[in-house]
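Labels run A, B, C and D following the written order; every chain starts at residue 1.
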Amino acid sequence: MQRDQLIQCGPAASLAHDYATVRVTSARLAASLTPEDMCVQSMPDASPAKWHLAHTTWFFEAVVLLPHLPGYRAFDERYFYLFNSYYEALGARHPRPERGLLTRPTLLQVLAYRAHVDAAMTRLLQDDLAPALAALIVLGLNHEQQHQELLLTDIKHLFSRSVLLPAYAAHLPAPEQSPAALEWVDFPGGSTEIGHRGTDFAFDNETPRHPVLLAPYQLASRPVSCGEFLEFMADGGYRRPEFWLSDGWAAVSTQAWQAPFYWRLADDGCWRVFTLHGEIELDAAAPVCHLSFYEAAAYAEWANARLPTEFEWEAAAATLAPQGRFADSAWLHPAAAPGGGLQQMYGDVWEWTRSSYDPYPGFRPLAGAVGEYNGKFMVGQIVLRGGSIATPPGHIRATYRNFFPPAARWQFSGLRLARDA
Amino acid sequence: MQRDQLIQCGPAASLAHDYATVRVTSARLAASLTPEDMCVQSMPDASPAKWHLAHTTWFFEAVVLLPHLPGYRAFDERYFYLFNSYYEALGARHPRPERGLLTRPTLLQVLAYRAHVDAAMTRLLQDDLAPALAALIVLGLNHEQQHQELLLTDIKHLFSRSVLLPAYAAHLPAPEQSPAALEWVDFPGGSTEIGHRGTDFAFDNETPRHPVLLAPYQLASRPVSCGEFLEFMADGGYRRPEFWLSDGWAAVSTQAWQAPFYWRLADDGCWRVFTLHGEIELDAAAPVCHLSFYEAAAYAEWANARLPTEFEWEAAAATLAPQGRFADSAWLHPAAAPGGGLQQMYGDVWEWTRSSYDPYPGFRPLAGAVGEYNGKFMVGQIVLRGGSIATPPGHIRATYRNFFPPAARWQFSGLRLARDA
Amino acid sequence: MQRDQLIQCGPAASLAHDYATVRVTSARLAASLTPEDMCVQSMPDASPAKWHLAHTTWFFEAVVLLPHLPGYRAFDERYFYLFNSYYEALGARHPRPERGLLTRPTLLQVLAYRAHVDAAMTRLLQDDLAPALAALIVLGLNHEQQHQELLLTDIKHLFSRSVLLPAYAAHLPAPEQSPAALEWVDFPGGSTEIGHRGTDFAFDNETPRHPVLLAPYQLASRPVSCGEFLEFMADGGYRRPEFWLSDGWAAVSTQAWQAPFYWRLADDGCWRVFTLHGEIELDAAAPVCHLSFYEAAAYAEWANARLPTEFEWEAAAATLAPQGRFADSAWLHPAAAPGGGLQQMYGDVWEWTRSSYDPYPGFRPLAGAVGEYNGKFMVGQIVLRGGSIATPPGHIRATYRNFFPPAARWQFSGLRLARDA
Amino acid sequence: MQRDQLIQCGPAASLAHDYATVRVTSARLAASLTPEDMCVQSMPDASPAKWHLAHTTWFFEAVVLLPHLPGYRAFDERYFYLFNSYYEALGARHPRPERGLLTRPTLLQVLAYRAHVDAAMTRLLQDDLAPALAALIVLGLNHEQQHQELLLTDIKHLFSRSVLLPAYAAHLPAPEQSPAALEWVDFPGGSTEIGHRGTDFAFDNETPRHPVLLAPYQLASRPVSCGEFLEFMADGGYRRPEFWLSDGWAAVSTQAWQAPFYWRLADDGCWRVFTLHGEIELDAAAPVCHLSFYEAAAYAEWANARLPTEFEWEAAAATLAPQGRFADSAWLHPAAAPGGGLQQMYGDVWEWTRSSYDPYPGFRPLAGAVGEYNGKFMVGQIVLRGGSIATPPGHIRATYRNFFPPAARWQFSGLRLARDA
């Protein structure tokens, strides 16, 4: 799928095609799961796969069909309550930590709900739509793509809690990886335009475009690898408070962190890593991931470097095409890339930045209920950039701002070093 | 099923028959549930239905087959860890609050596990067994019957958390109920033998039989009804601390109890009750249930009465056959019984007593791992007597001691009043 | 102070003398403390010494003076709220976990409050009082004695939390202790009268006197010593679940218990014990104390014995005078006693029994607000018997029932073994 | 005290004078408190006044005297542990939530500790000091000034928890307040230098000075008043999620916020406010304070405005002398100021900005243990600017960055509106 196809608010035929593509992809991602796998919630931050399938459907029903398709009849009005995530403007909703209690509706009922909404959407998409309505649908597709990534990270978390260590995807042999040496790439800084420009789709949090002053800086040519992170660990990284932010050190102490999430020291003294392909041996060449912001910042401190700001990251990425390894890969785990220059800015691992998730100057949320999409989360979170191996292809761009709380570890989150020039 | 058939350690043929009966009953109880219903854990106290099916199977594997059937091969050794409940002597085990994360093994795998163990048990049961081994099997059957009751109460709890209010059993019309007036039945007290006697099966906590001195007392002819409990509520029962034990009043305050568990005040001002048949209108004639010990004790205080001790209850029940409405009923909810004299001592609702769950004088747990079955829980719990609508027929007797913490409400627990003569 | 002087509801002169004696004792117990020591609350279960001084005064004001002394004017009506402990009938009250926030009223104000109430009580005690009123005052004095013990155990807890390990009392040399060997003393059992008889003071929970049937049994001649408890520890006592009740093992695991409370393994490999005289070397001869019920029960299991029931304990103690080492001792820590036969039933350490704190048959609480004194706590607690080194002399008797939750460790609680004859 | 006197690293005589002035001020702030008031900790975020007095002394001992005064002997080496706040490089320390358990050392001992350290510091300050050492002492004085403000806010919190509502300072009549109307003041934006410049003292977090691009903006001429905040409340401010950040709405819901902290709706329907002078009637003219960031942001949203960024604030403040109402005022509560133009940028209330507390480009912490002073807190916090009525005079400046978590309410924190020009 080409990103261009998705984000253009073009003629109805193209939008209908995009709609079908995204919707089918969600179903395909869940195809290897049992009804039980899709029902259970393994922690409050995660959601069941069935819930993801239903909630993304609810979005189209609540935001597009009910207000905009005359004569549309809801599949089941109780679903308004069950599958709203956090939209206060759209009514009360099922408590987030109890999403796993929803054994009913069953998977079959949720699939029927999808079919019901898809039929109505197809009807709607037959005609040329007003631009504002088309934009809502494109938003709904990007929303669903975000939930596709969450579906993968959430099912990974669930499976990791089992002594059976089930695999989401076939247990392929891990790819041979021969990483390039880490180099420093120079950037001149200066006055730089940041944020989305143009008519392609972007989330509201990427706007408005505005100038920012940057001092000269350097970025590492690739993300930090597992082998490099092992050196940090061997040097007492998790035992030496001098590398850590205060909140990070508290997390290390109270949660007894000793390694990245999903790493396990086996009886043979070797590290093993739980992946979507089951548990594998640690490959030192692969980009390290499943780090909290705290761990990323501590590593950078240990390495006499720092994390880039989101502006430094974006200025560097702006000239690159958003190409890389995404969720359409056969091997659903980060892997090293050969080659020189600035590598892997897109895909493989999200990169924690040293930027809190604050609004851009002049930021205004979208009008209506979808105004709750991004703006109300702009406190207490950290910006990540670049997409990961679990991100749908075509979904990412240089201006894309992902965000998570600094202690979150279950996303494919790694880091790239920066330093002052 | 006749209780006599079950508990006799008779010839192998009879035991094999009992085994088949109990095992089939468990499967039948789960037959109306989806794989998702059977996988989810709705609170730490409850367990998924799939787990019940697997754990009761594990009991036969761990306690009977592995030590006693030469050549027996475990179905999957990892299940030893997954499906042990609390037997320290039998190794580490999966944490109780995470039983709902076990999407794997799937339901089909658990059913295969049951078939595997059943085949081995059938082989074992072909021959005459040493009495000690037969006793272990009978224990395993009684154990499975207890989990049958828990399967019902746990699925009821799960369904109650859904706005869809699913029904476990077909939505029958509720029976017409015309309860008898409450009468007081006299008992003379004196020196009374308490505890199990004879060779029929009983749990170790019912032994040894020993004499107890009782003052003369009276028991109510039937359990307290919902209508009577409504009077308590109307008189400020949940707002007046003078009726409550201190811990009970703390529970009322911190958990905002205002009615028995599963009751809901509908918009029309009428109480509705969630049952295994879905939500129904409150029937004032039915025995009240889903009370904590605290609520039962507060009601008794309000009624100028008290709860009976477990000895008073047993002395009264000793002469009655253990007949009543059990889990083979069509209507799986307590219902009023007509007639005079001492009614409904067995079935319908468990009756909270005013007895802490302490060991009888001279109590000794069973030898081996099964010694953990009862004895180690003898602190902080309250004795209930008589069985409920969810108890398997044939499972109950006058000396049977059930026990739960005083705040537990999700069992079919009601009360019968007592007073000094 | 002779116990007889205290408990008789005799002529006013004697009661006035008792009143003065008890009230002065409270003040004397606090004399060595600073205002800061007396203000702070070290855990929710404990109360500040200043609060104890004020609350015992409030009891006389609220229960005796306001209803019974015409023209009495309260010292400060806001104290009704501040210093009520748990009497629902006497109005709202300051939250228990926040007693340590009461920097105001200051210590001086609380002492003035005591003087104000003492003056009014002295006026009241000049005349002959109605028996019911005299009984309330005697109850108030026994209440204050209970808080004298708590003042000692609570200040001990506070001081134990400091790296400075302050001593409450002068750092005397520990007494030489040469304990007698443990012997078993036989008791015939049979029908035994239990509970208080006569006109002397007793709490309502000691009534009514009633017969109980006991099987023949044996009691150890003295409490378990620290040296014996060290053997249990050396044998893996805190690491072997087979000795523990289920709730006890959970406490061991989650709270990482490895020794009795207040024990500390010093760098030299020797155990040291925090006492009211500061930290001292462990004396193996002294009775072990600061055990939870769980630890006491686990020790007994390990020792192939059991805890006595409260009835067995009382039947054995009934013929002994309540003499022993109490809070008027110079050495405020349990110590071994030489000699044979049944020793140290009173004083030194409270003895956990194997009896839940249930009401006696026919139990009725006192009328009025003081009915909340005991009855409403009759669930979830375990009976202890015999008094401790922190119990005021004259306060204890054979029928006295103390009670604490099974996990409590900050009282002077030890154990005496029992076994079937 | 003139700010200029304090911050210059001038000749020893001047520094000695500054030292004496700051140290005496701390003692004077505590003079009206009892030993009990100074010992208790009312919540984990707050510290006892005695602890503040000891900790600020420990700073000079640990950072200045022990490394730099030959022959210095510590007052009590155990204090290193007791009074370290959060400096990992300086060893283990007493747990923060247990600062209130330190009844020992007593207040007298802490005052002796202060005298001991002051004597040694006086000796040290007799000679000319190396600039780096003088800078550490100036840092220690600024550190102590910050704790002076905390001493006030912490004692206010403690007193607010008492039904007696004690007053820290004499109960003066509240000043007459006639506020100016709110006006909008224009600022041109453009490239602006942000951060500290020159040789005067500043914290490391104010550096390095660097240029920032600002769009044209407006600031309100004065902080938001209580009367204006009442309008927000009357318009459903605390009940309408559309004004709130997601985390803020969660705080409103779970903590039941209905008004600013320390406000109480009296029985007469009027709001009353707890202040350092006791409880007073709400003055609608006074600046609103004790708001969380969430409340400040919600108010701004309701008012169709926003919070300024810390850069906008600093650019506006840079030309103003840091004058206003500080902790040397007689009336220790925010009050309205008459007059036009940009008012009350300094003093009265800290102003929440819309800036997360991130490091400035090129930020480097101080070398050594004092490097932990600011840098390690740069995540999860929000910047406040301008000082408050509790800030020591001479302590604030345009570049000063204060920071607290977004839910904190016990500081004197208010807001000033901003909007795009």
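The definition used in the following text is that a residue touches a chain if its C-beta (ideal position, glycine included) is under 8 Å from a C-beta of that chain, and two chains touch if they have at least 3 such contacts.
Given the structure is predicted, the values throughout are model-derived calculations rather than measurements.
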item: Touching chain A and also chain D, the following chains; value: none
item: Residue-number overlap at the chain B/chain C interface, same or different (half cut); value: same
item: Chain at maximum distance from chain B, centres defined as averaged CA atoms; value: D
item: Rounded Å distance between chain A and chain C, as computed from the means of their C-alpha atoms; value: 59
item: Centroid distance [mean C-alpha coordinates] between chain C and chain B, Å; value: 38
item: Chain centre separation in whole Å, for chain D relative to chain C (CA means); value: 47
item: Per-residue multi-chain contacts in chain A, two or more chains; value: none
item: Complex interface listing, chain A residues touching chain B; value: 34-40, 42, 50, 78, 81-82, 94, 98, 100-107, 158-159, 161-164, 166
item: List of chain C residues in touch with chain B within their complex; value: 86, 88-89, 191, 210-215, 241-242, 244-249, 293-294, 297, 309, 354-359, 361-362, 376-380, 382, 406, 420
